[in-house]
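Multiple structures are listed underneath, in structure tokens.
You will see two complexes here that share chain A, one where it goes with chain B and one where it goes with chain C.
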Partner chain A sequence: MTTTQSHRVQTHEPILELNDVSVTFSMDRGDSRVVDEVTLDIERNEVLGIVGESGSGKSMLASALLDAVVEPGTVSGEITFNPQDEPSVSVLALSKGDRQRFRWEQIAMVFQGAMSSFNPVRTIRTHFVETLSAHDEDIETGMERAAGILEDLYLDPERVLDSYPHELSGGMKQRALIALSLVLEPEVLVMDEPTAALDLLMQRSIIGLLEEIKTQYDLTIVFITHDLPLVADIADRVAVLYAFEIAELGPTEEILSEPAHPYTRLLLKSTPNLQAPIESMQPVDGAAPDPVNVPDGCSFHPRCPLADETCRASDPDPAAVSARHTADCHHYEAAPGAIPIEPPEMDEIQRTPSHHDAADEPLLSLDELEVHFETEQKGLGLFSDPETVNAVDGVSLDIYENDVVVLVGESGCGKTTLGKAAIGLQEPTGGAVQYRGQDIYGDGSDVDATDRFTADEIRRALQIVHQDPGSSLNPHHRISAILEAPLKQWYDDLDGNDRQSRILGLLEHVGMTPADDYIDRYPHQLSGGEQQRVALIRAMLLNPELILADEPISALDVSLRVEMMDLLIQLQETFNTSYLFVSHDLSNARYIAEKTGGRIGVVYLGELVEIGPPEQIIHDPQHPYTRALRWATPQLTYRDDRAQTPPIRTIDIPDPTDPPSGCRYHTRCPQARAVCAESVPETKPGSDAVGHDVACYRVQDDHDYWEDDPIDDADLD
Partner chain B sequence: MVFNNWRIRRVGQAVFTVWAVLTLSFALVRLMPGNPMGAMLVQLEQSGMNPARARELVEARLSVRPDEPIPIAYVNYLTSTVQGDLGQSIASGEPVANEIAQALPWTLFVMSWSLCITFILGVVVGALMAYWEGGRLDVGLTSWAILMGSIPFYVLAFLLLIFLSYRFGWFPAGGKYVAGTEPGFNLPFISGVVYHAILPVISMLVASGVASLGMRGNSIRVLGSDYLRVARLRGLSDLTISSQYVARNAILPMYTTLLISIGEMFGGSVVLEQVFQYKGLGYYLYRAVNIRDYPRMMGGFMVITIAVVIALFIADMTYSMIDPRAGGSSNESY
Partner chain C sequence: MTDRDHRETLTDALDGTCTDGGTPTPFETVSQVTETREDKFRNVYDTYVRAPLSIVWGDWRARIGFAIILCYLLMGTVGTVVIEPTAPAEGPALAQPFETMDYPLGTTDMGRDLFSQVVHSTQEMLKMITAGALFSVTLGTVVGAVAGYKGGWVDTVLSAITDVFINIPGFPLVMVLVAIFEMGENPYMIGILLSVASWSGLARAIRSQVLTLRHESFVESARTMGLPTHVIVSKEIVPPLLPYIVINLTNAARRVIFEAAALYYLGILPFEDLNWGVTLQLAYEAEAHARPQALHWFLVPMAAITGISIGLILLGQSLDRVFNPRVRARHEKTTADDDTLEATTH
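Take a look at the complex of A and B:
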């Protein structure tokens, strides 16, 4: 385990020196410079975080370190490996053969897409063997080393090596890829968004593992990400990239607590997290520049609140903020005063109280809902029984009018299936869903004919907004046609002009102006955020009573997320709908739930383990799984406890076809005791707060649990 | 849950298709107005045979007894077909099954060679095009592939006949082997067989145009994949990358196409063998159509259908062996 001091590099001993490194692509529109004269030293044994929005050139910079920029891009400048010791290597001048050896033996790289970084038709073992033999290493000792690394990454070497890539989960694949990158014992590991496709808990666990691996294998890590809070957990120094240049570079602690560049300050403010008051979170206005057309002077000036003539005229050089902290800004001294990160003063926070009380009739009521999927057996057994995945298992939940419930959980835990079953898109295999007292999957005979809703009315009342707006809009229809369809269906008394004016009004309402221009476009002519707005308006035009928003912001750029969430919240107030949100990110869940006075529900392996107001879930979680999720959520502060042992016992989620007995979390729970493996804890109030329920024996003070022995290596407390 | 297993479902599908084809041909003979029975009767009677004798002959040849109730006749027909009794040829009086057994190997010989060469040619040319994507070679070969793909094989067959056979006399214009050689494993016979098969095989190679375009697309997709990039960074040799990474993954989708094209080849052999006077199954079928030899036609069609059904069945069953991701279900994360 590393010491907490490791971020302070005592000696100045660079392992990689970059001098005026640029990456250029020739395009029809002109030369596109996607890395612009970056000069940077990477210290031996440090973790350098490189942070930037998508399209800021961070991946290109990473590839340039190995001279691996894809054709037709060209790298210029100078990159020196091992500049102070012999043999020092000029990376860009290597011959083909030398370069082939240099890569992976000295600098290895891990890509974001672990899913696609393995050859799908060969086993993991073959990948290791190939790599070893390509570099003339002894296969046997090399494979022993590989097995050791896999074990250090909490993988079972035999099992993983004999698997095909598709047989491993995302997190396992990512760790296998890390092991593959370390098999030749490189000095430097470049990681390009290595955890972006993973769940928070897996992300955080891998970050923790990286710290151990780094010490054990004596590595220097360059960690590239769009996620500032994530890198805060591991990096010693952080470089913030904006418009293909480094905007600010300094020790992680200083970048987080006293950033000097206006962009860094705005970026920090726009990032949802668990601690800062939500009122202080604001999006960064404007958009990052196009590489062909970078603004003159300081490239950030069009978006910068401090910009003046100097900024428009001249490109700032790095200014020393402190000994090891530089910012490329003319006004770095004024920035902290002009862009406060903490809100000036904490007003009495206006939070909408919960709209409902227990006496209200729920809008939608889930009763012991179960959705089981049967999967087919692999292998040659002709008469084997199919396996069953219990995607949703016995969930009961009431959603009221104007209510907001956010479901969080790891991927594959059944939160989306639960949402779909709730709005009538996935027929449950057990339990019932009632819309105002009527079973939505029944024929309506359970209620009096006078109160009965038709299937169409229920369908209209329960709507969905999908995760990927690009594929939920018909690419061959114009926006006007897409938005007119629901109106034609439900309001046949409106004529064409009425429909048009209603659509225009809504488009303007969500900030898509000029609306006249937008309605004639096709979906591909809109940005991701705009597409999602159209999808949202389309759902809203039906005047639904409940919208299932399935990860509606996860496909968007980080700086757009807060804006989108604000819009969702505003629309909810305007249209008086209820939301059932699905999210894998606790920070986003907290933002939505806190702003709307809603609840957060935590789902684990098809069960709702804890639900309650965001204050309780975030600040006083009762279920150990909620605590693990909270631990996994990156924070924007420098944490002294960042290398602490994770509050879970195993990283990988159990096989959903064979869920653990008793409490399903007991295999990972650090507080599990014998009884947890035997019986399922019933749901009990978790605190005095209204609507806070927890399914864990630990909230029952008088339960036998407290007398039991802890299982395996669980703590006793 | 027996039917949950896709293999069992797949066997069921194959059996159903074969049954459907048998039933359709039964209906064809029995129920259609101006049916084969009537046609055959008229034919025989016109040739001066007395009606009772003609009827007897028809019953024997078609395995049809008109006075039999249809359900019983249907069952009898199915059982005799399953036992390999396809009736007797009108023209020769020989059992159809024997005739087919003699003709089929020749067609299979030509077909398997064309399939093999088409596949290899398609893969190699497609890979070359993909490797030099956008280059001069790519443009040239793409034009060639489109040209090949758009020429009907029989047009090429005629061109080959006119030039290579009649004009230059390099190849024989018809026949299956050199007259006078002793059929069996001896050099003169085998070389004669190969010599006679060359032009028919070349004619069928037009299919390689489409195959190479498919391979080109697949290869370009693989060339852009992340795992290829990682493989290069890992320093793997070009040989490993091109064979184990690019070719292996690009060929996968072509495997099914290959087996599907068996059907096309059988269909094509009807015209091809006529053009080259090559006496295989296709030639035999063509003649049967011309002289309205229904037992032969039905037998031939049935053999072709069953061959295609079997080919597709094999394709489905073996695909999981070459692609570990296929196989009905995923067992992700164990």
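Take a look at the complex of A and C:
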């Protein structure tokens, strides 16, 4: 890109100035340019969000800011720190010793995955002391400062500092990592997907904390993420990366409400969220380019509906959309008209909710299902009872034919275990799972011999699609072998040619053409979306009645999610299967449930606390936990109430080996009263809607709950 | 190109079913061409013979390793027919190597041809190696994989047995067993005997690898599809472990050679014919190590042992590549590209 104009803002004071910064890797296939001549100013005390799909070069850009690109990558261009004041620092020209001091003292970085950023055999304190002594700081004052930062992040410094990493939860580790990066009082904090491994509630809470930390410690934050809604909550400005360069840069509000670049517009439309009607969510066609082979001209033109000869021939320069808003597009003026973000006016589409009478026989029926795990005994374990984790506790749920149930909850709440117990992969410790009236873990003696299903029939009827498509396909087999395995097992009458034509037909059906090229490939030669399609076909080949889809889209890029969900829904309609969906994301849950007329079930610490149609769960949640989840789900609109206090008491989940008494949510529930700590609320209808059930005293107008005193925080300690 | 014709027919058949509207869902598609035995054979040949060979051939270690092992195989089969067995006093005592072409590797102090000794002991050694290596690796893999995958009481029992064997001192046990069973004549039995204690280490290692593999999603998927245990273990669990197993196979083979040579050298295994270990022992008894003119008597059997050992190591290392899907893919892609080229020019 030949930059004459640049993504610069004249009136503000920049703290970092990037000039034509490129990162290049030499590979067998040619030079791979993973950051392509980026020119950008980062202003003092702003939060700059950098958004891009995986493989768009955003992490490399972050590493380049610290001159920390790993070998054999090379950084070229110019990065100036503090360009207006003395002493200004040219980052790429620093000597080794200077660079070491510059990192962490001026710019600190918080890496993705707090789990692997700490050495597991050292306490958190050691990490702090090491960082301080490596920079010749006074340990004592440094540790005092560390304790102060930890406290500001709502952590107990004494406890956290003396813990080993494994003793802290993911969210606590992530906060400790932020504290560690702040201990040398840097001016700029670069955060690379700092919340990607965390739950929604924790994510939102940390975003809120960042806001406080930023003002308190006078920071400039560069926040890198693939999640556009998330960054909308914190960033002052957003830079959208596409194909290793900045496609659009502007204030968050403008980027969200009137983006000018076609890519940003399409990306916004493809992002599932809670407000927009689901009809307006459309996938972005095509795929992001390979770094070795970026298209000539505008790199987005192969996927752009507005592309013409100019776009193919010349690379657009940043065009000023407004004073602080630039877009690298020849047609930025035409884009808003051509790609409307507002949903087209349409009549309220009457979706037929999968209406199930009590008379219908459920396909699968869970009855007071319990799965308890015994953990390893501590010490010698001779005198103590082993601790049990109640992963699933007393869940009852009916799934009908052509039904869709989406389970939502934080990680570790037992939603996946519940799903696996339902399809016969995890033997429950209590309760029963019945497939058309027959216990799937029994020997079939509970039903008449005439109606009995064989173990094989039940096995085939209940299938699974895993979260990580990379590990759900054996890397040592070709696609043809992977898809042939179920056919060989269950269809004796098919010979090799029949199997091959069926596989070819299926691959074409899910849009993988030319199919006979795909069948000879190994899984590593497919993209994540294609791998997931193969895994989906494999489950479908058995013609199952119910598929457990365990977060099937969370490993995919944002722009691919809607497409994959549409495919799942389309296959459901074609093959009359039911889905049991597991998701940690309320927006995705809503998309699936609303489009199929299914239900959303909210799981908290092994219990189903609320279940109902998406309209009720999203727009009129009854359980306080559902409300907290809804609060935590990032929105695509610019919110003025960003610093709003969370509707929960504590952001950390209680220890699952020692779950709270009574209603398990009472320790975090702002509306908890005395009775909540004593007895477990039974499930009652939450509204007039069919199938909306809530396990909370608040839906029972005549319950003693209303006379009780609210619990205050002191009671809980 | 029958292969391509075959593909075209397939696609035609597929198009037919789709466009005619006979079967609306691709889940019911069947081919209109019946698979012949020839097709099946060609598929098997392509996957299991041609592709691995083409990969192996691209690696210099593999070429050298293959060449070395092939030499030994030829010695053990053709060599025994072509080269006459040696008898005492057939040549001059302690002829030096390369002195005369009648006795290229020299002779012993009894005038026996060393080259002929090496060639004639190869066959027996190869039998021992094959039997011993296959026995220990098969048993170790099966026990380890089943114990790791099944878990529960199966694991407890198999692991207990494995632990017992790990703790038996292998070499003394073999000495005792040989004394008891007197099976000196059968090389296969000797090979197995020599490996009787060595499979257990592999079983333990495989078990711990399987313990991590069994939680992979693809294994769970296979279980969900209702595949029987033996299919899951052999098709899903073992392939990722194959590089490790093959390295162990070659190492087991080397261990059998060393142990056999050692036992013969110590005079524990009874022998009728000369072989590498026995030659070493005779050389030692004749104090060849102290007599410069007899040094080759030592060196020749040692070189034979070292040579096959190096060959096995090189082969084992290069076979690693065969099981790497990324390397395989690259090789198959080149052949696939040729095909498309042909198709377009056609």
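Here is the rule we go by: the second predicted complex is superposed on the first by the 689 of 717 C-alpha atoms of A that agree within 3 Å, B and C clash if a C-alpha of one lies under 4 Å from a C-alpha of the other, contacts with A are read in each partner's own complex, and residues count from 1 in each chain.
Following the convention adopted for this analysis, a residue touches a chain if its C-beta (ideal position, glycine included) is under 8 Å from a C-beta of that chain, and two chains touch if they have at least 3 such contacts.
As the structure is a prediction and not an experimental result, all values here were calculated from the model.
Annotation for the three-chain superposition on chain A: chain B and chain C fit side by side. In the superposed model, A:E167 makes contact with chain B only, not with chain C. When the two structures are aligned on the shared chain, A:T131 is found in touch with chain B, with no touch to chain C.
Residue contacts after overlaying the shared chain place A:A485 against chain C, while chain B stays out of touching range. In the superposition on chain A, no contact is made by A:T650 with either chain B or chain C.
By the touch criterion defined above, A:E374 lies against chain B but remains apart from chain C after alignment on the C-alpha atoms of chain A. Of the two partner chains, chain C is the only one that A:L473 touches; chain B does not reach it.
In the superposed model, A:R103 lies in contact with chain B only, and not with chain C. Once the two complexes are overlaid on the shared chain, A:S257 sits clear of chain B and of chain C alike.
Once the two complexes are laid over each other on the shared chain, residue contacts for A:S116 go to chain B alone; chain C is not touched. In this overlay, which is a superposition and not a single complex, chain B and chain C have their closest Cα atoms 5 Å apart.
No residue of chain A lies at the contact with chain B in one complex and also at the contact with chain C in the other.
In the complex of the two chains, the chain A residues touching chain B come out as 66, 68, 70, 100-101, 103-105, 108-109, 111, 113, 116-122, 130-131, 134-135, 159, 164, 166-169, 172, 180, 374-378, 380-386, 652-653, 655.
Contact residues of chain C toward chain A in the complex are 7, 10-11, 13-14, 17-18, 25-31, 33-35, 39-40, 43, 216-218, 220-227, 231, 235-236, 239-240, 242, 323, 325-326, 328-329, 332, 336. Of all the residues in chain A, the ones that touch chain C in their complex are 423, 425, 456, 459-460, 462-464, 466-468, 471-477, 485-486, 489-490, 494-498, 500-502, 504-506, 508-509, 516-517, 520-525, 535, 538-543, 574-575.
For chain B in complex with chain A, the residues that touch the partner chain are 1-2, 4-8, 225-227, 229-237, 240, 244-245, 248-249, 252, 322-325, 327-334.
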